[in-house]
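Structures for review follow.
Below, chain A partners chain B and then partners chain C, in two separate complexes.
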Partner chain A sequence: MRKFWCGFFIFWPIAAVVYSAVSPQFNWWFPGPSVTELGQRIDNLFYLILIIVTAVFIGTQVALGYVLWRASHSKAERAWFTHGSHNLEVIWSVVPSVILLFLALYQMDVWALFRVQSFFPKEALNAPVAEVTARQFEWRIRYPGLDEHGVPKKLHLKPQPDDLYTVNDLHVPIGRPVMINLRSDDVQHSFFLPHLRIKQDAVPGQIIPIWFKPERQGNFDLACAELCGWGHYKMRAQLIVEREVEFQAYLQKLRADQNYDGHATPSAVAKKDE
Partner chain B sequence: MSATGVALEHGHDHDHAHGAHGHHELSFVKKYVFSTDHKMIGMQFLFTTLLMMMVGGALALGVRWQVAFPWTSMPLFGPLFAESGGQISPEFYTMLFTMHATVMIFLVIIPVLAGAFGNFLIPLMIGADDMAFPVLNMLSYWFMIPAIACFGLSFYFGGAAAGWTAYPLLADIRAAAPSSGSAQTFWLLGVTFVGVSSMMGSVNYMTTIINMRAPGMTLFRMPLTIWAMLITAILQAFALPVLTAAGFMQVFDRLDFGGPLEGIHTVFFIPAGLVVNNADPTVGGGQPLLWQHLFWFYSHPAVYIMLLPAMGMVSDMLACMCRKPVFGYKPMVFSMSAIAGLGFIVWGHHMFISGMNPALGMTFMLSTIMIALPSAVKVFNWIGTIWGGRLQFNTVTLYCAAFISMFIVGGLSGIFMAAVPVDIYFHDTYMIVAHFHYVVFGTTLFGVFAGIQFWYPKMFGRKMNETLGKWHFFLSFIGFNGAFFPMHMLGIAGFPRRYADPYIHPYLEHLMPLNQFITVSAIIMGFGQFLLLYNFGTSWFLGEKAGRNPWGANGLEWSAPSPPGHGNFDVPPVCYRGPYEYSNPNNPDQDFWMQTDPPKSKKKPEGDAGHGH
Partner chain C sequence: MSVRWQSLIVGLACALAGCGGDGSQMRFVENSTLAKPVHRKARVVVTKQLEEHFGTPLNSVAWLKLPVKYGRAEGKVTAIEDQTVTVELNAESADLTGFDAADFAGTELLLTSGANQGKTVTLVTFDGKKKTFEMAASDVVPAVNDQFVAGGNVLRHGRKLYARHCQHCHGISGDGDGPTAKYLNPRPRDYRQGKFKFTSTAGPAGKATRDDLRRIVGQGIPGTYMPAFVPMLKDGEMTAIIEYVRWLALRGEVEWQLLGQFKEDYAADRAKKEAKEPVDQAKSAVDQAKLAIKEIDETIKANTDESKKAELDGSKKEAKAALAAAEKELDKAKSQMSAKETEAEKQLDTQLKEFEKAGLAELLEEVTGDLADKWNAVEEEGALIIPEMARVPDSAESRKNGKELFFGKVANCVNCHGLAGKGNGAQTEEVGKNLRTGELYPAPGLYDDWDQPIKPRDLTRGIYRGGRRPIDLYRRLTQGIKGTPMPGAPKTLKPEQIWDLVNYVLSIPFDPSTPKAAPAHSVVGQSGEKGHAN
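Take a look at the complex of A and B:
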């Protein structure tokens, strides 16, 4: 029985490590590489912590298994009488604290880039692309209106008559930093873009800016990550990253749809029938 | 009254199992119901928490069923909600995980450590005849009953469903959710009653430990269990008032009597101009983040309230099972104190992405990551305790070893979410769920299972069955790891918490089989707990009879009869040495040296024998 239990405490960490190692093959891992460079830096920090943590995990579990095996197979009449070792205590206090301090300080600049406004790219900070308002249980999106050249105007904090509205469908241009103003209409929500490694709570009474620079075209999931009621799970929306021209065309179509008064011109009808 | 006065009076009354207090026989009600005896109160807490553990477990299985097999009718429990065809509706699902957390945290983990083991062990381990305030102690148990009643009423009104964190505005505005009416108010009152109960316990424990130690029981001769209980009581005393105040603030925000009385309608947490679920716009000027700060100012220290006593107990049990002194007694005390101290300045790590000042994120990250240091020191010292010991794999050893092994996982996974940038992604995903279950279940509850097996002979005079204990360990361990280890992978895949049906999101579709594996493991673990209850119940009558000291342990509690009578000790205990003098070469007769054994030689062997030197 001794052998069984010693094996048991050695077997499970091995199983855990093997399981973790094969997980990416089974797609039990990140939903693809990050769409933003900042997200890739977050992934890199994750892998750095993962390496350190795996080393410590293996080290401590092996040590535990070893001392269990030694202690359960002890032939000595008496256990080793010791109250500890001052030197060991010093070593295993100082070494982890250096590693931990390094880990903490090493994280700071990514956090600052993500969240501290003075680190935001200036072009994004000055021209938010859209305002996203979370409410039970949908994402309302407000783009600024377009001027006579079809160029988006400045997004005002208060709604303007020519603003463009849509729900659960956020379009952004690729390749430049974009900023979103996040708000909530009712309770707390959280704006979660898993493929971009972005999450930010929407807090009632606050407007919180988020910026990101998407580098890959495509449709990505937008989900709510803060409990907001029974329909929390179904706040499903999409983020569509497209080329600048497509984005501008999208806004113009949005304007056309919004201004559509029911009296369709023949050309528009023909277009619809196609 | 001196701690040992009663015991002195009745010193002749050796092995009379109970009622050593010979003035009069207590009535049944006084003895078993409204008892002021710390042992009976401890056992009342233990029975209540074991029962509540099964309730909380059943709620968890409901949650797991829905996540693995969404919208299918649930076997076994389905008939309880037959009106929905045995199907778990999203409203019901949010209620299930809220009440699962509520029951497990407020009615199981906190009361089983402080209430059950704290009550039972503190006077016995420090050599007192009872707590400093026995009536207060009795009240601390009986305040759990209105708490349970309030949670029951919350169920009756549909069940609180705003998460156990009860974040406003979901929890604060009645229109926000079907459950945010009376169910939420009763939930808040229930938490307040638990708080009152904890506070009574806390005051009592501090007073008892500081004032009522037996002669010779200096602070640094106290077992680590008692150190942990003292530190926990201090944490409770300083953190709990904040939660109680915040709870009342939320109650005042919510109270609406209708009619001419209207209500109180403060706006502590409610900003102006919100239209929630088409109700009238809110009038206010409050701040929802204030609740999060107040809530976590209690609830983060509460995490250590849920952990430290188990750490202390495992240190004691491990030393006994290895026949070896605890490695680094003083570093253990200091690291527990450091965990408690740092525990007060890390609450913001629950709020990294809440919208608070990002500069706070950095400071909270630093303090949070540094709290891993005392935790690491403790792990190294436990491994050091086993190192060179003489060990037998009984159930207690198995649970203690599993405790260390699981705490390593829970501690290390915490680093991912302590690092703010990485937490942006992991916040509110299953990574968090995996992490805190490794700490609260894998660590604390495994420590509690070991403690039940270890102190059962002192409670009932019989040992628990070893074979059943090992099977219970095996099923719990396999089921636990099968359920919670894969949750790390769900977290890495970005799987959010608290989703009734995650699979409507394209990026989560492929994770259903993994969730089904998790649910099967959870079912194994859940039903495994019946073995514990069975073993607990039957050993009462069938267990092998245990003497005073069945484990050959050193603590003062093992010098009392099993079970100890009223007043605990038949011989007034005097403490001559530290609690971990196992295998001391100065004591050639046996490999343990009880704290109450008078010194043999005149050479002053009773000194603290170089703790930590």
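Take a look at the complex of A and C:
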């Protein structure tokens, strides 16, 4: 039986390391590389912490396994009891503190870029592309209207007569920083873009800006990551990253659809709606 | 230790197996408000009919008389190779579009001609491009040129999706009374009247088109708890859900019509009423006799002429005898009442049985034919409301004209939507009459066809439930909102006047002269309005 426990505690660290090592190949890990550079840096932070805790985990498990193995090996050797060692305690308090302090300082620029408005790219901060309002159980999206040249106007906090509306379908251009204003209509939700490593709570009564610079075209999941009610799972939307021209064309189409009066030529989608 | 290990293993086994029930709680419920005044035997007949033609939630029947696209395919076999049957579909089988291979998994192909006529083959998949079915291994081998009918899986697929996404609000029977329904305002739609609020077609029946339903399911209804289901639901899934909702609505309507018919002929209190009739007659005879005696008594009192006295006494005697006879008659009627009731019950029973044999099929034919006509009419080309003219440019003048109409006697929007468009017009303070029951509503305000209190839309909020496009507002204005007190605009209004109204209504949230709600909080950077326009 002693051998069993010895093997049991040695098995798990080995299993954990093997599992972690093969995970990326089977896509059990992150959903692919991040679509944003900032997301990549967040991943790197994650890996750094993972490496530190893996080293500590393996070290403690090996020590535990060794002790168990030695104790199961000979009955003659007796365990000894100690009231503790002041030096040891200092060491195991100071070393983790130093690591923690290091992490806290090391991640500061990523955090600032991600959360602190004065570090946001100015072009994104000055011209939010859309307002995303979470509500039970959908994402309502409001783009600013277009001027006579087809260029998006400034997004106002209050709705304007020519605003463009969609639901569950957020389009953004590729290759430039974009910012959205996040709101909630009812309860707390969480704006979660797993492929961009973005997760931000939507809090009723607050407007929370989120910026990102997508570097890859595609259709990505947008989900709610805060249990918000019985229909929480229904809050599944999509983020579509497309080229600037496509994005502008999308806004034009949105405007044509929204102004459809039965006579103007609606776009293909509007026709499908009819 | 061994005990602990055992319990761990048992726990795992339970988790893997799941605690599956047999789903026996899934059943359609009777439309109780409608069924109440109907005789219980007639109710049984209705339930039996519904079960025969619609089945149960877990074993639905695709009744072909209904205007529902079940994904049924008809055609003939053109080639056969191993388990793959290549087919040629009839032109009418075009309703297969939108269904993928999974819709045919586990369904049956019935051969209608050839050596294997009447035999069935189980299908595995369907390839829409190559027009081939993959068969499961079977003794029956179709031959080239055999005619067949293959059943799509639409109802089963739709039912599963409906159960997952819709049922907890809209209910198993589509009665809008699922477990979460009671927490919602407005209430989830009860499909059983076949009424859907936001439709794009005209016509007195005003059924919803498939595209109307697709729009609501896909885009949701802003300002209510109906969420948008795109992109979560894919195209084929939407098709299946929409057909299932139509099927549920038609089931509710058939139930509605049958119960409505039976309410007249087989009322719950019919036998009792019939049995009571002679008693009531006898009672009124007694009352008359009593009245006659009273009259004679009064005449006697007032009489001063001695010569007439004898005559009057005589007639009083006669009247008394009549009263005694009437009372005797009443006693007799009373004693016979229960027997009469039994007899009337028996008569009702035979009449119902006869009807079941002879008239019921005809009635069902009539009901389903009528429903199919109504539901198909809105799908026809030309049913869609397209304004006669393009939108009048949104100018200050057009808005002014619209405003005049809003307050005017013809459109009279102000009556419900109020002076500021906040949905608090004079009508919302009045006690209305339920046109179906003839009774007054319990509280002042407006009510919809489902007898739920309903508020006129607050037009200052910029939330448009039926859609915010000009065409959506035009359709709301011209045909009203089905099942609600919102009427269609009078025919006397010209299209340009409707457009003026649309322009005015769209401008209300931004009109500086309309009073706004005071900001709820003074949070920096927060816009004041509650539930912002979206």
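Following the convention adopted for this analysis, the second predicted complex is superposed on the first by the 252 of 274 C-alpha atoms of A that agree within 3 Å, B and C clash if a C-alpha of one lies under 4 Å from a C-alpha of the other, contacts with A are read in each partner's own complex, and residues count from 1 in each chain.
Basically, a contact is a pair of C-beta atoms (placed from the backbone, for glycine too) under 8 Å apart; a residue touches a chain by one contact, two chains touch by 3 or more.
A quick note: this is a predicted structure, and the numbers were derived from the prediction, not measured.
**Q** Check whether chain B or chain C contacts more residues of chain A in the superposed model.
**A** B
**Q** Of the partners chain B and chain C, which touch A:Thr133 in the superposed model: first, second, both, neither?
**A** Second partner only.
**Q** Would you check which partner chain A:Pro159 touches, where first means chain B only, second means chain C only, and both and neither mean what they say?
**A** second
**Q** After the superposition on A, what does A:Phe11 contact: first (chain B), second (chain C), both or neither?
**A** Touch partners of A:Phe11: none, neither chain B nor chain C.
**Q** Applying the document's definition of touch, where does A:Lys199 land relative to chain B and chain C: first, second, both, or neither?
**A** The answer is first: A:Lys199 touches chain B but not chain C.
**Q** Who does A:Arg142 touch here: chain B (first), chain C (second), both, or neither?
**A** A:Arg142 sits against chain C, while chain B stays out of touch.
**Q** Is A:His232 touching the first partner chain B, the second partner chain C, both, or neither of them?
**A** Once the two structures are laid over each other on A, A:His232 reaches chain B alone.
**Q** Where does A:Gln258 make contact in the superposed view: on chain B (first), on chain C (second), on both, or on neither?
**A** A:Gln258: touches chain C, not chain B.
**Q** With both complexes overlaid on chain A, does A:Asn168 touch chain B (first), chain C (second), both or neither?
**A** In the superposed model, A:Asn168 contacts chain C only, not chain B.
**Q** So, does A:Asp185 touch the first partner chain B, the second partner chain C, both, or neither?
**A** Touch status of A:Asp185: both partners.
**Q** Please write out, lowest number first, the residues of chain A touched by both chain B and chain C across the two complexes.
**A** Residues 136, 185, 205-206, 230-231, 234, 236 of chain A touch both chain B and chain C.
**Q** Quick one: which bits of chain A touch chain B in the complex? Just the residue numbers, please.
**A** Those in contact with chain B are residues 1-2, 5, 9, 12-13, 16, 19-20, 23, 27-31, 39, 41-42, 45-46, 49-50, 52-53, 56-57, 60-61, 63-64, 67-68, 70-72, 74, 76, 78-86, 88-89, 92-93, 96-97, 100-101, 103-104, 107-108, 110-112, 114-116, 136, 184-188, 190, 192, 194-195, 197-201, 203-206, 208, 221, 223-234, 236.
**Q** If we count contacts the way the header does, which residues on chain B are in touch with chain A in the complex?
**A** Chain B reaches chain A through residues 89-91, 93-94, 161-163, 167-170, 173, 176-178, 271-272, 274-277, 287-289, 322-329, 331, 353-355, 358-359, 361-362, 365-366, 369-370, 372-373, 376-377, 379-381, 383-384, 386-393, 398, 401-402, 404-405, 408-409, 412-413, 415-416, 418-422, 424-425, 427-429, 477, 481, 485-486, 488-490, 492-494, 496-502, 504-507, 510-511, 514, 580, 582-585, 591, 609-613.
**Q** Would you pull the chain C residues touching chain A in the complex into a rising list?
**A** Chain C reaches chain A through residues 165, 168, 180, 200, 211, 214-215, 219-220, 222, 225, 227-232, 384-387, 389-391, 462, 468-471, 474, 499, 506-507, 509-510, 521, 523, 525-527, 529, 531-534.
**Q** Over in the complex, which chain A residues touch chain C? Could you list them?
**A** 133, 136-138, 140, 142, 157-161, 163, 165, 167-169, 183, 185, 205-207, 230-231, 234-238, 257-264, 273-274
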